[in-house]
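Across the two complexes that follow, chain A remains constant while its partner is chain B and subsequently chain C.
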Partner chain A sequence: MSVEAREARQPWILLSPALTAVTFLLFVPLLFIVVYSFWLSSATGADIPAFSFENWEEALTDPFYRDILLNTLKIAGITTIVCALMGYPAAYFIARARGNKAFLLLLLILPFWISYIIRTMSWINILGVSGAVNWLLVNLGLTEEPIQMLYNETTVILGLVHFLLPFMVLNVFVSLDGIDTNLEDAATSLGATKWQAFLQVTLPLSLPGLAAGGLLCFVLGAGTYITPMVLGGPRDAMFANLVYEAIITQLNWPLGSALSLMLLIVLGALVLIYNRYLGMAQLVKGLG
Partner chain B sequence: MTRKIDDTTRYERLLERYRNGDLDRRSFLGLIGAAGVAYGLQTPFAKYAHAQDVSQIRFDGWGGVVSEAFREYAFDPYTEKTGIEVVDGTFSGGDEYLAQVRASQPGEYNIAHLSGVFDYARYKNFDLTTQLNLDNIPNFELVMDRLVEPYRAITPDALSAVPYNYGTTGLAYNRAYISDEEMKEKGARSLIDPAYEGKIGGWSDWRTRIWYGALATDQDPNDIQDMEAVWDAIRQHRDLALKYWGSGAELMSLLAEEEIYVTEGWSGRIAALQEQGHDIGYYDPPNGFGWQECLFVIKGSPVAACEELLNFMLAPETSIAVAEGQNYPPALDGTKVDLGDKIPTLPAYDPTGTLSGLTFADPEYWNGNEAEWSKEFSRVQRGY
Partner chain C sequence: MGWHLIRLWTLLVYGFMFLPVAVVVLLSFNASQFGSFPMTGFSFRWFVELAQNDAILRAFRTSLILGALTALISTTLGVLASLALVRYRVPAANMITTLLIAPILVPEVVLAVALLLFLNFLDLPKSFPMLLLGHVIFTLPFVILVVQARLVSIRRDVEEAALSLGASPVQTFFQITLPLMLPAVLAGALFAFTISFDDITGTLFWKPGGVETVPTQIFSMLRNSISPEINALGTVMILLTVGVPLLGLALARALATRSGG
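Moving on, here comes the complex of A and B:
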């Protein structure tokens, strides 16, 4: 074998474990879901192999699924905006901190050591009728009766912000940390106020990080189903809850497959748009 | 004396030879690859060999005090006696568990503490039943005939499960806010009483919602004539409810923390709350939801070992201890077995052994409507 041929083969050999894993753990299961989405479900829940567009037609034309999908995108959007508003100052503070950045980053990722479900359920002890906030309000005499704060859309968003905020902060931090602080000094030395220097120099340069954090928060937020189950009321549901119900409760795997692919396509389209205009490099840096 | 070596030792010796230079890289990687291929080829057939030597059985149940009772009174003594380990898992609902079983390999799940006769019929529809030899389960003779009949109607040739306990899904209410008299007067309508808006709960299970919707509209849950009225009652409940709970633990937490004052609830869980000192009342309205649970052996399981465990679990001393721990009456016939002092005081207990006072869901009727009703409930729940 020639040296050129061996060199050409080498990257593929090195990539083969990862490619094999991705193929068998991602693409093959995805292919199963695609196939399932064209099957039918009997009245008893048993799957009927077929090539039918019935599930797709239902998923795409039924206003029920459209409304829940739009509501899901709305909740994910609000969550992303709140994460950006809360996460940017925190990331800025960490990036500009002197000497203790590692410690602050450690504090940031500390919640990841606790299960997501436990973190979500912790809000019940904080905002519940006999939770910490109500206990404080009643004991301070600010209210006679405990206030009902849980089990609505606001608490769903609160739970999502709690879950996703570190992703936003990390991405923005990576972006801010890479900006040369001399640029701000140069701007102020040329007559700009600190606020103007931030608005015209730092903020534009950190936008890729903000966008990467936003994309992550949005995609992860739109795909969640645990938070609405734990912190939502009877009506509160996101699109993933419908997928869960179709597959788990109704045992209708074909419809559940079509719904899950629909969500995948919508969120995948957002990722593609992001990649088209901003590229994935910033996202990879933030995740790294 | 020769010593059998395991695969890890083999690998370590091979690695050592390679590092010492006794083996070239090509041979080392080739042997590792060959071992991987050999393992991959034998794996699909290994289960047949493993089946001859059962070292553990997987049991899945409802968790909480129920699982604790099983562990203490049934599994640990069984393991001590037989050497077979019982690995127990939990699920929050039968639907979720069935989805897991469908996605699993035969033999992965063995015995499940399934609810009602619905699941038995559904597992049969999915070809997940096995055939138990009741001669290997002598304690089966002690079980109430009334509980066995529905299963025999579904699989006349052989059973795939043994009944284990029964209970009701009745109305649970906080006595500090709702009196016993008020509850008896209002019954299922208390779940759609605007006076308790924001303090009403309910199980997210579509069957229970429809059952109580039927009761609230004075209909027979096993023969609903006006389904639209039932959906309207479910909508009213949805709009007044604070939360649909999804597990027994959540039910107990919502009542104990006074997040809700009234909900339907499982008799055993409410009895557990009462034992903990909470002033929670429990009322089975006329046509209240009676159900039974069984220990179902799933297709592909080591049947003989499972039969042995079932017989052990049905033994009066085990069965009574588990029943007292989980607060649900056992399937044992009270006219054949002395059930002790506590069980006759449990909610839903029937001393006659006929269970004539309880209304059970007709599995044919409910399973026949499952596809349509479960889907519709998903929409109604979300405001449609």
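Moving on, here comes the complex of A and C:
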């Protein structure tokens, strides 16, 4: 074999283990659940290979599933907006602060290292019947009996914001950090107020980071089932909880496949729209 | 004026982020037998009880082994792929990168269902190997992103110098490239370990009955009520997931300065 041919083959040898893994552990399984979603479930034993639209019909026409899907998108939307409002100023502060760089960097990455399940359950210590807030209220004499503040839609959103805020801060920071501060100075020296310079120069330039953070918050928020299970009540199920119910509790795998694919299509469409207009580069920057 | 407001806002945002976690740590030292306020005294009893709880110790062992194996496999695959993408002209490199990071573009629940059903179809039931495969595919994109970002900054001329001075490609890789890459490799492995150690979304689908990792153990304990033991377990986990990466960062920095980076 010629030297050139060997050179050309080398990268494929290096890539093949990872590509094989992604193919057989992601793409083939995804195709498989497409097929599976047309099978029929049997109450006793193995599911029956078939080509039936029964599961899809149930997933698409049952108002129960539709309402929960819409509610899931609503919760993810509110979460994303709250994350943006809370996270943008914080990211701006970290990007523009002069001072201890290592400490500011730690502020960016430390929240990612604290376990998701622990951050989620930590709110029980704060808002639970025997939590910090109730203890304070009772001791201040503001209330006789502890108030149940947990297990509703608001606490689900609270838990999601707490979990996803770091993704927003990091992405906005990456975007702000790449903006030349001379641009803002130029705007102010040309007569713009600081606020105008921010609104017309910095904010538009940081929109890609805001969009990347927003996409991550929305997609991760809409795909969770743990937060509603820990901080939500029985009526606060999100769409991923339906998938969990169908697969783990009811063992109705064909229906579970159809529901999973519905979630994938809705959230995948968002990723594709984002990719079409903004490209993956910004998202990758924030993750790396 | 505006700047002070932003600083105050940032302070509040970080208070929101860290205070609930700080309360977990605080309550884990509570002497009271309930996992709640008020603090009746300072005590290590919940940590002692933790160390004597077989279920929790087993969960810890499972999580550590799973995390270590995940890091090993995922880092190996990720480093090889990153080398190919950074060091060679690969046709359609952008598309290949997108394919390789696809596991994090798909919602984790969907990935979990697809893998569970497919492997089950291949007669591999819920088991430790399934858990491992799931964790590998889920952590691989993170390793690739981290390693690729750092590989780009390693200059090629050092390697070219070694080659032109008569070193074989294999010698060059082990004596020049690998030592230069070590911080990137360690960072990737650490990232994979912490993500695997913390994962619950996929793990609940893949784990066989009776096997628990630390997060699923905490999750199942939450079903009853929040006990001081959970807070203690949370504190240990925070120490691990914050302490290990901090140690790793320090190590990576030390290695980088020693190699003159």
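Remarks
The rule we apply is simple: the second predicted complex is superposed on the first by the 262 of 288 C-alpha atoms of A that agree within 3 Å, B and C clash if a C-alpha of one lies under 4 Å from a C-alpha of the other, contacts with A are read in each partner's own complex, and residues count from 1 in each chain.
Keep this in mind: a residue touches a chain if its C-beta (ideal position, glycine included) is under 8 Å from a C-beta of that chain, and two chains touch if they have at least 3 such contacts.
The shown structure was predicted, so the numbers you read here are calculated from the model rather than taken from an experiment.
Of the two partner chains placed by superposition, A:G141 touches none, neither chain B nor chain C. In the superposition on chain A, contact is made by A:H162 with chain C only, not with chain B. Judged by the touch definition given at the top, the superposed model places A:G99 against neither chain B nor chain C. Look at A:S115: by the touch rule set out above, it reaches chain C but stays clear of chain B. Using the contact criterion defined above for the overlaid structures, shared-chain residue A:P17 touches chain C, although it does not reach chain B. Judged by the touch definition given at the top, the superposed model places A:W195 against chain C, while chain B stays out of reach.
When the two complexes are overlaid on their common chain A, residue A:G128 makes contact with chain B and with chain C alike. More residues of chain A lie in touch with C than with the remaining chain of the pair chain B and chain C. Comparing the two interfaces of chain A, the one with chain B and the one with chain C have residues 124, 128, 130, 229, 247-248 in common. The touching residues of chain A, when paired with chain C in their complex, are 7, 10-12, 14-15, 17-19, 21-22, 25-30, 32-33, 36, 86-87, 89-90, 92-94, 107, 110-111, 113-119, 121-126, 128, 130-132, 135, 162, 165-166, 169, 194-195, 219, 222-226, 229-230, 240, 243-244, 247-248, 253, 256-257, 260-261, 263-264, 267-268, 271, 280, 284, 287-288. Per the touch definition, chain C reaches chain A in the complex via residues 2, 6-7, 9-10, 13-14, 16-21, 23-24, 27, 34-38, 76-78, 80-81, 83-85, 87-88, 90, 96-111, 113-119, 121, 133-134, 136-137, 140, 142, 144-146, 148-149, 194, 198, 200-201, 204-205, 215, 218-219, 222, 226, 230-231, 234, 237-238, 241-242, 245. Contact residues of chain B toward chain A in the complex are 93, 95-96, 98-99, 102, 122, 125-126, 198, 202, 206, 238, 241-244, 246, 253, 257-259, 367-368, 370-371, 374-375, 378-379, 381-384.
Across the complex, chain A meets chain B through its residues 41-46, 64, 68, 124, 128-130, 148, 150-151, 229, 233-235, 237, 242, 245-252.
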